Each structure stands twice: as structure tokens, then as C-alpha cells.
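In what follows, subunit A forms one complex with subunit B and a second complex with subunit C.
Moving on to the complex of A and B:
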């Protein structure tokens, strides 16, 4: 029996790094300190696994050797005029790194899951900036926490305990030292433990944000209610925001993906920037996938852009709405796709999925996903953070090294290694042509 | 492919100030990446460098090219990326950018100008893994990074308690843990204060909650630096950067470590001095403090500086000086990114345009040049723009031309704000740099200040990092033909890195990996034991990561180059 400490959890953007994983005879038998999701992942990661490379023959997927699968995948990419390369948020930075190189090599468009989560955050960031910090600043200093359109008690289970309300920091020791404000369209679990809960009308975030900004400046709001919230309450919360010593706004898809999208974020960033006139205030997106932040990071240093990067001109270009993968698929412009550690067939719009499936499709994933079921080439991979090492970036952009705690199945290489082989094969095929 | 390990560069005019070579026509011999006495003429590849000058490969002591804040700068500026693109070729990766270029592009563009070594001067230790990942992807160049230590909680606590040995042991551990090279302070104490929205403008103000002053932090880290025998002095971005009247703080900062200099070696390196050389009491009466600072530097041997020259045009400012970036955001109305890092430091990014017609911007431009022209000993200055803060590194040749040619300065002066032109003494400064002095401020001095003994010169045993430029000093009047000189400096005729030709006529022809240096410093043993005790007790209280997940393994460096350092005096 062997217990590994300081294991970094490859589930959500919290990247809790205090797990203790016990392994017996090559199997994980316990994973302490993590949340319920983490425990479930560690104890069940081997279920629904893809066990061997597959290739489509007519209606069926039949087993094939790894080398042949790699060759087939490379051939598809080389033959394609405009392939899309999608996923990337649940794998290592090392794999993402090779993904960008592959996209450049084949002149395709590469996109990560930001395109369906915090893409609007990026767009607002580019328009007006973003005052932020690492999570330890919040743990040590924040006496006011706001969750807006985010329900961490059901999505990021240890976020509040490790970094915000329950965290023991240098100047804030417990729940009593902090005030919690929650803004949501319904009374979520998180809202139930809040000191102030603002139930905003669906899609009313922009108006509420604007009203709060007026409240901060003590301007008259000549209405009884804004976005379903009584003006007195808005004014009261504005005073709470102004009056803190260090405030932190965490926001989720409730803000980024409701009506207004990047305009909501524009308003949120303006609110937080305004608050710095009176106090110290920061904000942070609640990133979902454990390494979506890493995907943005790696894309940025290599291409200058965090997602939706198009290499069809031989250099990186970026125009979300044009170069983002859902839009490319919806216009039916791509003629092949490779999906790494993601399941777009299960969650993209119908039109985009139809286009994705109409063309040759390669999937690299540890799991039997809906997308894998429909793929022409399927290559099973090892679980990064469980069966192989790699780097991941936390939601606050702190990079951590993921550990390997057990051996992968003999048929599974890491995403990184599979991509390296595909890239080599692509280059070899291009030399021949 | 040519794989000749020997190279003979013939008939070049060499500027190698470290070895007293000032424009002599001679040959340079290279074997196995080093400069040697001679090579076997039957084996060696011969490069005829007639009509070219040779200098050691350029060394940039201070340029923000990699890491979290540079990357956030890239994210903030998609419009910046439309200005210049780099297409993929069989050899090169593609890229974009102007003030915040992508990593591969950064390597190609530096090499294209004859630079072969660049320092990333500010990295939050907690996020330095990221910095190394980007440095790995910055090809050709040798590099290193400087961890930000001026607001570090452990350091402030040790120094508060007068525990210099423990502080030294901690710094040695930290440099090893994050693979850092030199000690960097940014507005010491002020960034911790910014954690609460405050800031410290003077070096005798007290850091909230830590009961220590910037002066004590600066002196403490200076002592630590000396105790460990680190290769470079402490690098400091002074308090109150960017504000009128701040030259006094710079003077105080230089003075406060005067007694700590030993053996004639500098004890402090003031970074981007231009941004801390302002007199006056407000924006309308901002004036130059350059003369006063230059006078101090001229009279003392314990200070070195780099310039932080401003170049007119659009750029992206970024610094760990969070409070200053918030001020700049409010002054300019431009976008603001802030990123504070737990128990360590902070950072901010604001896009900015330096305008010729703007009084303050024009003054900034004159102040940098006034300083460079008034410091008599070029070994005390390194050419920088604090890239990208004063302007992008690809514009360095413009600064070189201003220093080499009075005519170039006069031409630029004609277009700046009239009041600034009237108030500045720049027009009365006749000095023109020689090519030898240019070689000092762009390679020899930075290499010496960094303690990189194999860099910045062309003596036997030096790294064969060489830049050849198409300038013939016998035919060229540097002062009159400054446009031609500027053009030649923009595109190196050849850049040679570790004996390999990597650039021809400004174009990259080979893409080797560069090395990453870091300080493997010996720590006082007993003190190190105590530090481990403290780390085990307090690290996880301060941070949100486990202590065991904080150090960065050597596997994160593509070409690791540790520099072993023995403590002085046993």
C-alpha cells in the first residue's frame, strides 16, 4: 500500500493540491481530502474507458493497432483543407502545446472550451481589462465575497472552504470574519448560506450591475425595482460592497452565458473597477474544467490569442464568432475534426454537431463519450493527473504539476504522446506530398 | 546542412570593450561554441565579414518577455497583434505582436537584431513555472528570470526580526526552488500595501501590518545578496515610480546601500531609471531629475542602472508595481488589468501611447536621453526600454541612433511638445556615443552587471555569441548617416549563437534552443534548517498550494544551466 500526498485534483478549476491518494496493487483504494466529485473521479476513472484504438468500418467501429490509428488520424488531417481541433481543457499544457503546433502544421482552427464558457469574459477583458489576483489574496484578506451566477456548493465544492468563506487566512480566520453576497436567478444552495441574497430576474444581470454602480455613487435610481430587485435592497448591498476592506467577486456561467454575455462582463468589470475608488476589490471567473485556464494560457503565449485561433493563413488570427469552432461548424466550413478530451457531440448546438459528424472525425479521450461513439478514429488515452503527469493552471492562473498515481492501461498513452506521434506522422506525410 | 564546428570570421572590425578592443580590423576564431585563439583553416567555415563591424551578442538586462503578466498583456491586446505577423515557415513557428509578441517571435526578433541573451526581470515565484514554460518556447536566446522578492512575507518577517542569515537561507532556497537568477525588488513594501489598495511612496514609510520600511527591505536584501555571493547586485524598481518629484526617492534608494558595497563592486542596480528621474511637484511642472541622478552615479561606484528609455508610439505597460498601474489607469483612462499574488507581489497592465505632443511624454523622452548622455562612464548604464513599458524592444535601434547622433536627436526634438523642448537641456548636450560605448551599454555592461562571465565579450573562452552589422566605420559618419546606421542595427548581417550562424541579413536561418540560467546558491546550513522549520509551519498558512508543490523541477527547463555559487568567506 502506498499513499501519495499533495496530489493535485484534475477535476475543476480549483485544482485542490492537498489530496492523499492511496494505491494498493496498482489500484486506487482511497482519495482523501478531496470533494465528492474528486473522490468519485479517483474511484471511478477506470469505468467506461476506451480500451483500444478503433476505426470506423461502415456502421461499426473495429479495433486497430495504435500505429495504424495514428497514421489514419494524420492522413485525415493532412487531407483536410480546413480541419478544426477542439477540446483541450481537460488535458495537460504539454498536450495543449502540441495541439497548437499541430493546428499550425495543418492550417486548421483550434479552439478550447472557453468558446462555450468564459469566452465572453475574454472578450470583455480585451475591451476594458480585469482586476484580479490569486486565490490566496482572497483567503488572507477578503472580508466580502460575492458569487454571481455561480453556485460553488454544487459546482466547485471546496471553493468556499479552501479559498473564501471557510478559509483560514492571515487576517480572516473564519466565516464570522467574512460577508457573503450571492446573486442568482434562483435560491441555490450557495444562496441559502448567504448574508445577502439578490434574486435577479433571468437575463437581468446587466441592469442590476448598472443599478449597483449607480448605488455606489449615490445616484438616484428613479424606479421601485431593477431586474426584479427592490431599489432599497440594491442600495443597501451597494453600501456593503463599498464598505468592505477587501472584496472579491466570483462569477460563473450564469453571468457569461445569460443575455448580454460579454456586455454583462463589461458591466461587472466596470463595477469592480469602480469599487477600487473606495476600497480594494478584485474579481475572478469560476473556471470549470481543471485546465481550461491552461488552455487559454498556452494558446496565448504561442499565438497571442486565448481561444478561437485560426491558422488557415499561415499565422494566427482571431475573431470569435468567425474563427470559433461552433461558428465554423455551423457554417459547415470545416472538412475534418480532431477532438481531444471533450465531448462536443453531447453539448454543441445541433447544426454544429451535424457538421462535425458529416466529416472525418478523430477523438482522443480516456472515455467512451458520445463524440467517440461517432468518430472515425478513436485513440484511447491515459488520464492526466491520475495515470500520467502534466501541468495545469488553476482558475487564478497559478500553474501546478499534476502527478501520476497509477499506471495507465497498457494500451493507453498520454494525450501528449499521442499528439506527438500524430504531429510527426503529419510532418512525414507532408514531406512525401 | 552545414555542421562545421569551427568558424573563422575574417576581416571584421571588432568592438570588444571588455578586452580593450576598439574598432580593430581582425579575425575571430570559433570552436565548439566558444571563442578560441585560432582554428584549423582546412576545417573551418570562413565567413568574410569585410565591411561589417563585430560586437559580442547583445545582452538585454531587463525585458519583460515571458510569464504571467506578459501573457495577460497578450490577452489584453488583440489589436497589438494585428500590427506585425510572422508566418510559419519550414524553420519558424508563426506568431504575432508588436509590444507583446508571442514567445517564438520574441526569440526570432531579438536574434534578428544581434541579441543573444535576455533577462526576464520580474516573476512572481508562485507563478514562475509559467515563466519557464514561456522561456522554453523563446528560441535561440539564453535567458534567466528574476523572482520578485521585495514584498515577500517570509523575507519581510526575517528582516523585521533582524534575521539576515535566515533570510539569506530562504532566498537561496527560493532561487533554487523556482530556478531564479537574481534578486528583484519592485517598489518594496508598496505592493504589499496595494493588497489593501494602498501604496508606499517613500522608503521610510511603514508597510502596513509588517512594521518594516522599504529602506530596511532594500538594505536587508542587499546584505543577503552579498552574503550569498550572488552574481548580480539586487535589481530595484524604486518606490514612487512614474510620479513627479520621484528622483528624490531614487537618490535615497541609491544612498541607502552605499555603505554595503564591497570591493568596488556595485551593490545596487537601479532598473529603468528614466521612470524614476522626475523632478517637479505635479504633471504641469514636471521637470528632469536626470542631471541630479547622473551626478550621483558619476560620483559613486556602487550604483549601476538601466535606462528605461521612452519611444513615441503605442505600447503595453506592465509591472509588478500594482499601485502605479492603477494610477496610470486613472490618468490615462485606459484598460486596467490587476493581478496580485498571495504573500509575494502583484502586477498590473495598462496599454499606453507615448505622444510627441504631450508635455509629460515628451519630457519622459528627453529625461532618458539626458541621463544616458550625462553619465560619463557607460559601464554604469545598460540600454533598455523596460520592454514593453517604454516601448517595444524591436525599436532599440532608434535609441541607439539618438545616442550615436546628435543630428538624430535634433530631428526628433523638432517634433516634440514645444514646452518640453524649451524646458529640456537635451538640446545643449553635444555628446555622441562611440560604437565602443554603444557596445558597452548593449552587451558588455549588462553582462558584467549580471555576472555572466562568458557573455558580453569576445576574449578567448567567451561564448561565441557574436553580432555582425553592416557598418563600415571608415566610410560611415555615425552622426550624419544615422538612418543608415539605424537600419544596419535593426537587421544584423549575421548573428552567431554558440558558434552557429542563426541569422543572416536579419532573417533567422537556424533555431537552436537557448539555455536558462539560475543561481544554485549555497545557504548557511544552520539557518537553512530553521527556514525549513518556518516553511513547514507557515507556508501553508500563507499560501493556497502545498509546500511540496511549490518548487519547480529541473524538468521544466529545456536547457538548464545552473550557476553554482559558493558563499563568500566560507
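Moving on to the complex of A and C:
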């Protein structure tokens, strides 16, 4: 029996790095310190596992050798005029790096899952910039926490305990040292433990932020309520925000997926900028997939753009709404796709899914998914952070090393190795052509 | 009944992801519509009964339950997943991001025999 300490959890953007995983005879038998998601992941990652490469023959997927699967995948990509390369947020930065190289080689459009989570956030960050910090600074210094359109007690289960309300920091020792403000359309579990809960109307976030900014400046709001919130309460919360010593705004998809999208984030950045006239205030998106932050980071330093990068002209171009995967699929522009560690057939609107499935499809994934079930080539992969190492970025853009705790099945290589082989094969085919 | 649909993460749906996309946990959690009790009374549905959610892009059958996290009357909450994505519009308004929250829907009691299983849903595309 062997217990590995300091294991980084590959579930959400918190990347909790204090897990203790015990392995006996090559199998994980316990995982301590993690949340319910983490424990479930470590004890069930072998369920619904893809065990061998598959290729489609008519209605069926049949087993095939790995070399042949790699050749078929490369051939599909070389034959395509405009392939889409999608996923990338549940794999390592090393694999993401190769994904960008592959996109350039085949002249495709590469997009990561932030396109359907915090894409509007990174759009706004690129346009304006934002004040931020590390989670450690929040833990040690923040006396006011805001969760806006985010419900960490369902989505990021240890976020409040490790970094905000329950964290014992250097200068903020306990719950009593911090104030919690929650803004949501529902009275969520997180809202129930808030000191101030603002129940905003659906799609009303932009108006509410504008009203809060007026409240901060003591300007008169000539209405009784804004976005369903009484003006007196908006003014009261504005005073609380202004009066803190160090405030941190954490926000979720409540801002990015509702009306306004990136403009909601423009308003949030303006709100935080205003607050910095009176106090110290930072903001941070609650990232979902464990390495979606890494996907944005790697895409950004390799191409200049954080997602929705199009290489069809031979150089990287970026225009969300045009080069983003949902839009490419909705316009039926792509003619092949490779999906790495993601399940767009489950996560995209129907129209985009139908377009994705109309063309040759390659899937690299450890698990059976709706997308893998419909693929033409399926290559099973090792689980990064459990069966192979890699780098991932936490939601505050701090890179951490994911550990290998058990051996992968003999038929499963890492995403990095599979992509390296596909890239080599693509280059060989292009040279031969 | 007209309502506003919010999709999002729930604990059950998140655990279901880890237990497998074809697991009962994922199926049960992702096909559950959390509703305000007053709205359920208006529709004359009890917890566990089937309802149909419709947008101009299609309709889907899910199971109504009384929301464990309070939702106001006129709002319904369904976890992310392939079921509700059947009726989400693909338009991104120039951002790359479809509107998965704040969507106008029609909700009614349904007479279907059951919610589609994941395997059936895959075949649906």
C-alpha cells in the first residue's frame, strides 16, 4: 500500500493540491481531503472506460490497432479543408500546446470549452483588462467576498472552505472576519449563508451592476427597483462594498450565459474599477474544467488569442461569433472534427451537434461519451492527473503539476503522446502528398 | 405556463459526470426540472411527474420536482446536459456563447411514457 500526498485534483478550477491518494496493488483504494466530486472521480474513473481504439464500419464501431487509428485520424485531418479541433480543457497544457501545433498544421479552427463557459469573460479581459490576485491573497486578506451568478456549494465544493468564508488566513482568521454578498436569480445554498443576498431578475445583471455603480457614487437612482431589487437595498450593499478593506468578486456562468454576456463582464470590470477608487477590490472567474484556465493561457501565449483561434488563412485569427466553434458548426462550415477530452454532443445546442456529427469525427477521451459513441475514430487515452502527469492552471492562473498516481491501462497513452503521433503522421502525409 | 429557464451545475449532475455519462445518476439529475411549488400546482403536477419544456427550437420531456434550492415563481432550473440542450438556440450574438440561461420557455404537463435514456438520446441526433 502506498499513499501519495500533495496530489492535485483534476476536477474543477480550484485544483485542490492537498489530496492524499492511497494505492494498493495498482488500484486507488482511497482519496482523502477532497470534495465529493474529487472522491467520486478517484474511486470511479475506471467506469465507462474506453478500452481500445475503434473505427466506424457502417453503423458499428469496431476495434482497430492504435497505429491504424492514428493513421486514420491523421488522414481525416489532412483530407479536410476546414477541420475543427475542440475540447482541450480536461487535459494537460503539454497536450494543449500540441493541439495548437496540429491546428496550424492542418489549417483548422481550434477552440476550447471556455467558448461555452467563460469565453465572454476572456473577451472582456482582452478588451479591457482586469484587477486580480491569487487565491492565497484572497484567503489571507479579503474581508468581503462576492459570489455573483455562482453557486460554489454546488459547483466548486471546497472554494469557500479553502479560500473564502471558511478559510483561516493570515489576517482573516474566521467567518466573523469576512462579509459574504451573493447575487443570484435563485436563493441557492450559497445564498442561504450570505450576509447580503441580492435576488436579481434573470438577464438583469447589467442593469443591477450599473445601479450599484451609481450607488457607489451616491447618485440618485430615479426608480423604486432595478432588475427586481429595491433601490434602498442596492444602496445599502453599495455602501458595504465601498467600506471593505479588500474585496473579491468571484463570478460564474450566471454572468456569461445570460443576456449581455461579455458586456456583463465589461460592467463587472467597471464596477471593480470604480470600487478601487475607495478600497482594494479584485475579480476572478470561477473556472469549471480543471484546466480550462490552462487552455486559455496556452492558446494565448502560442497564438495571441485565448480561444476560437482560426488557422485557415495560415496565420492565427480570432473573431468570436465567427471563429468560435458553435458558430462554425451552426453555419455548417467545417468538414471534419477532432475532439479531445470533451463531450460536445452533450454540451452543445442541437443544431451545432447535428453539424458536428454530419462530418468525419475523431474523439480522444478516457471515457465513453455521447460524442465518442458517434465518432468515426475513437482513441482511448490515459487520465491526466491520475494515470499520467501534466501541467494545469488554477482559476487564478497559478500553474500546478498534476501527478500520476497509478499506471494507465496498457492500451491507453496520454493525450500528449497520442497527439504527438497524429501530428507526426499528418506531417508525413502532407510531405508525401 | 410561460417561464424563464436557467440551466446550471447541480451536485447530482456533477457527480453523475464522474460516474459516467450513461449512468443512472447522470440521467436522473440531468433530466430533472426544479420548480417553484406554486407553479407545480398551477400545472397540476406532483414531484416526479413528467413535463414538457418547449422553445421555438424544440421540446423535451423532463421530470418536475420541487426545487431544493428555492426558485421564484416563473423560473425553472434544469442541470446542464444533452436533454435540455435539445431546445437551446445555437445563436451566440457574436460572442461564441449560446444563451444557456434566461431562456423563455413554455412548460406544460406531459403525457409521454418516460424521459429519453442517454442511449436513445444519442440515437436521436
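As a working rule, the second predicted complex is superposed on the first by the 433 of 433 C-alpha atoms of A that agree within 3 Å, B and C clash if a C-alpha of one lies under 4 Å from a C-alpha of the other, contacts with A are read in each partner's own complex, and residues count from 1 in each chain.
We take it that a residue touches a chain if its C-beta (ideal position, glycine included) is under 8 Å from a C-beta of that chain, and two chains touch if they have at least 3 such contacts.
Quick caveat: nothing in here was measured; it's all calculated off a predicted structure.
Novice: After the superposition on A, what does A:407 contact: first (subunit B), second (subunit C), both or neither?
Specialist: neither
Novice: Now for A:346: first (subunit B), second (subunit C), both, or neither, which partner does it touch?
Specialist: The second partner, subunit C, only.
Novice: Taking the superposition as given, does A:276 touch the first partner, subunit B, the second, subunit C, both, or neither?
Specialist: So A:276 only meets subunit B here.
Novice: In the overlaid three-chain picture, which partner chain does A:141 touch, first (subunit B) or second (subunit C), both, or neither?
Specialist: First partner only, subunit B.
Novice: Who does A:239 touch here: subunit B (first), subunit C (second), both, or neither?
Specialist: After superposing on A, A:239 lies clear of both subunit B and subunit C.
Novice: Return first, second, both or neither, reflecting whether A:306 touches subunit B, subunit C, both chains, or no partner chain.
Specialist: First partner only.
Novice: Check whether A:24 is in contact with subunit B, with subunit C, with both or with neither, and answer first, second, both or neither.
Specialist: Neither partner.
Novice: Which partner does A:67 contact after superposing on A: first (subunit B), second (subunit C), both, neither?
Specialist: Neither partner.
Novice: Quick check on the output: what are the common subunit A residues between the subunit B footprint and the subunit C footprint?
Specialist: On subunit A, no residue contacts both subunit B in one structure and subunit C in the other.
Novice: Which of the residues in subunit A end up touching subunit C in this complex?
Specialist: 11, 36-37, 40-41, 44-45, 47-48, 111, 115-116, 119-120, 123, 151, 154-155, 157, 185-189, 199, 202-203, 253-254, 256-259, 261-262, 288, 307-308, 320-321, 324-327, 329-330, 343, 345-354, 357, 367-370, 373-374
Novice: Show me the residue ranges of subunit A that touch subunit B in the complex, using the header's touch definition.
Specialist: Against subunit B, the touching part of subunit A is residues 5-6, 8, 17-18, 93, 97, 101, 104, 122, 125-137, 139-141, 162-163, 168-171, 245-246, 273, 276, 279-280, 282, 296-298, 300-306, 311, 313-316, 318, 391, 393, 397-401.
Novice: Which residues of subunit C touch subunit A in their complex?
Specialist: My answer: residues 4, 6-11, 14-15, 18-23, 57-58, 67, 69-72, 75, 77, 80-82, 85-102, 118, 121-122, 125.
Novice: What part of subunit B is in contact with subunit A in the complex they form?
Specialist: Interface residues on the subunit B side: 66, 68, 70-72, 74-78, 81, 85-88, 93-97, 100-104, 126-127, 129-130, 133-134, 137, 195-197, 209, 326, 329, 335-343, 346, 349-350, 541-546, 548-549, 553.
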